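You will see two complexes here that share chain A, one where it goes with chain B and one where it goes with chain C.
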Partner chain A sequence: MMNGKTMETYTSKLIDDLLDSIDPIDQEKVDAKMLLAAKVADAMKVKKWKNKDLLKAVGKDNPSIITKWLSGTHNFTVDTLIELQHALNIKLLALGEKEDEVVVSYNKTVSQKVQSSPIMVCDNVIFWMKGQSLPSFSSRFSLTALNSPHSITQT
Partner chain B sequence: MKYKLVKLSSFSGNECSIYSILLNDEQETLLDKFIKENKDTFLSEIKNILQRLRTIGYKTGARIDFFKLEEGNPGDGVCALYDDEESNLRLYCIRYGTQLVVVGSGGPKPKEIRALQEDEKLTEENYFLKRVSAQITQRI
Partner chain C sequence: MTDKDVLSIGFQIKTIELMDTCLNAPQEPLAAETVFQFEINLEHRINVEKDFVIVICTVSIQNETKDHLFGKLRSSCVYEVKELSKFVDPETKSVAIPEVFATTLNAVSLSTTRGLMFSYFRGTFLHNAILPIIDPKSFSSEKK
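Up next, the complex of A and B:
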């Protein structure tokens, strides 16, 4: 051992079978507890805080609670996470933030010969032929100038 | 005492490499033995330990707060994976920073004991890891 040789990799069927039997959601819960603990520890490091400093900042009495929080095994309550956010000036909960926008796009093809009428209204968009005079419209309409009189594609 | 360290493929990721110990040309590591000895009685705790080792390997690294320190001699890295008063198992490790952990064995942690010296199995596993740590330090 430890003589400069590459150490061998070991695979255990016993371990792999047990890991395979774990629900991915349970693994995610463990990940979350440990990542939250890591984030709290990192924030303490930035502030150069010892456990007793955090204890004081959150107004607790028992020093062992900080050890437990940082151990990666603690099931944090929302109350505790909010207290930690304020004490450490970090974000642990992502509530109230704008979620990713869900964009629904659609294609609409309108074909209409516009020789007789140079103006067409579709879904509050006014299409008109370039070069044609445009009467005044309400500002709730947007305007699109067309090069071709035959086909309009709106996306 | 003849043994070798082997890297555990199931736990070793970008954040930390996790090793265990094969004794005397045996086919299973100390971690396998620990699991076999305790899975019938403490299956959920065994699974939780494996989950935490996987998170350490792939997501967080072996952060110092995830371990109970001072389970060995000063500076020898011997520690235990964190266990609170309610947990039933103790697993001894040697931690070398956040990127390398050697997982040894351990055992049930009787509620009535206050120090590991009061439990023969825990004492044996802890002393063994102290000897391994001393030898690793000697050879580095």
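Up next, the complex of A and C:
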């Protein structure tokens, strides 16, 4: 919304007719060329390459060819695409690639209360006087490790 | 159970892999009794060409309020399933693994991951955070 006015959707019969008259195959061809150009441009951006860097990488000497490739209207040959794939380390051709795997995802959250460490409990406490011999531990003491009570709540 | 109810699927486990682990100790020692939240995600990747079902199990262990991640472990179990292609719908090309079989794969993968978790977390503050026993039928599923 600008200057208090709401945006309106512009409709025109002429534009609709023109869009309807475009052959879907032609549209797909244009889309593919644009997509390839965009992929090349994106890869150059990632590598921080200028046109001359790509020119050098693909071993060409005419700088205008790069401008043509990036225009989105160039009809790439398979050879050029393979050269670009190698130069930019990207995938432009998907020949022989398998269809995406089927992926099914399962989710669940459970909570469990546990004791962070076993607690040792002394069953018997024995006092002895100084000078007396120390009672044998094995007969007088019994140490029990308390296992954590597992209360499971499933959500 | 009638003969019609019997479903026989030959499968075997091919690989168990520990894919990713992380351990994030809390600032203060854990209380004597701590509630651990286990967030579990099981992902089935089905490759009909190779007759493989790869189950990737991710378990995140968080505190009760889920604002601190104590640890995370991701494992993968690769199963070879005989005649996996028979579960492919030839018209839609979609794969529909019988629910009972998917549940079995989930149960085996969860148990395997429980063992991997214990092996990885033993001796740490997550020593006692043993993945609870979970009904494998209780997972909510979504197809991507």
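Everything below uses one rule, namely that the second predicted complex is superposed on the first by the 94 of 155 C-alpha atoms of A that agree within 3 Å, B and C clash if a C-alpha of one lies under 4 Å from a C-alpha of the other, contacts with A are read in each partner's own complex, and residues count from 1 in each chain.
To be clear about the criterion, a residue touches a chain if its C-beta (ideal position, glycine included) is under 8 Å from a C-beta of that chain, and two chains touch if they have at least 3 such contacts.
Computed from a predicted model, the values in this text were never measured in an experiment.
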Chain B versus chain C as contact partner of A:19, first or second or both or neither: first
- prompt: A:11 contacts which: chain B (first), chain C (second), both, neither?
  reply: first
- prompt: Which partner does A:67 reach: the first (chain B), the second (chain C), both, or neither?
  reply: first
Message: Tell me which touches more residues of chain A here: chain C or chain B.
response: B
- request: Considering only touches as defined above, state whether A:77 meets chain B (first), chain C (second), both or neither.
  value: neither
Query: Does the superposition put A:35 against chain B (first), chain C (second), both, or neither?
result: first
Task: Give every residue of chain A touching chain B within the complex, in rising order.
output: 1-3, 7-12, 14-16, 18-19, 21-22, 26-27, 30-31, 34-35, 37-38, 41, 67-68, 70-73
- prompt: Residues of chain B touching chain A in their complex?
  reply: 3-10, 12, 19-20, 22, 28-29, 31-32, 35-36, 39, 46-48, 50-52, 54-56, 59-60, 63, 65-66, 82, 84, 135-136, 139-140
Interfacial residue positions of chain A with respect to chain C in the complex: 98, 101-117, 119, 148, 150, 152, 154
Statement: Per the touch rule above, chain C residues touching chain A in the complex are 29-49, 64, 94-95, 97, 102, 106, 125, 127-130, 132-135, 138-144
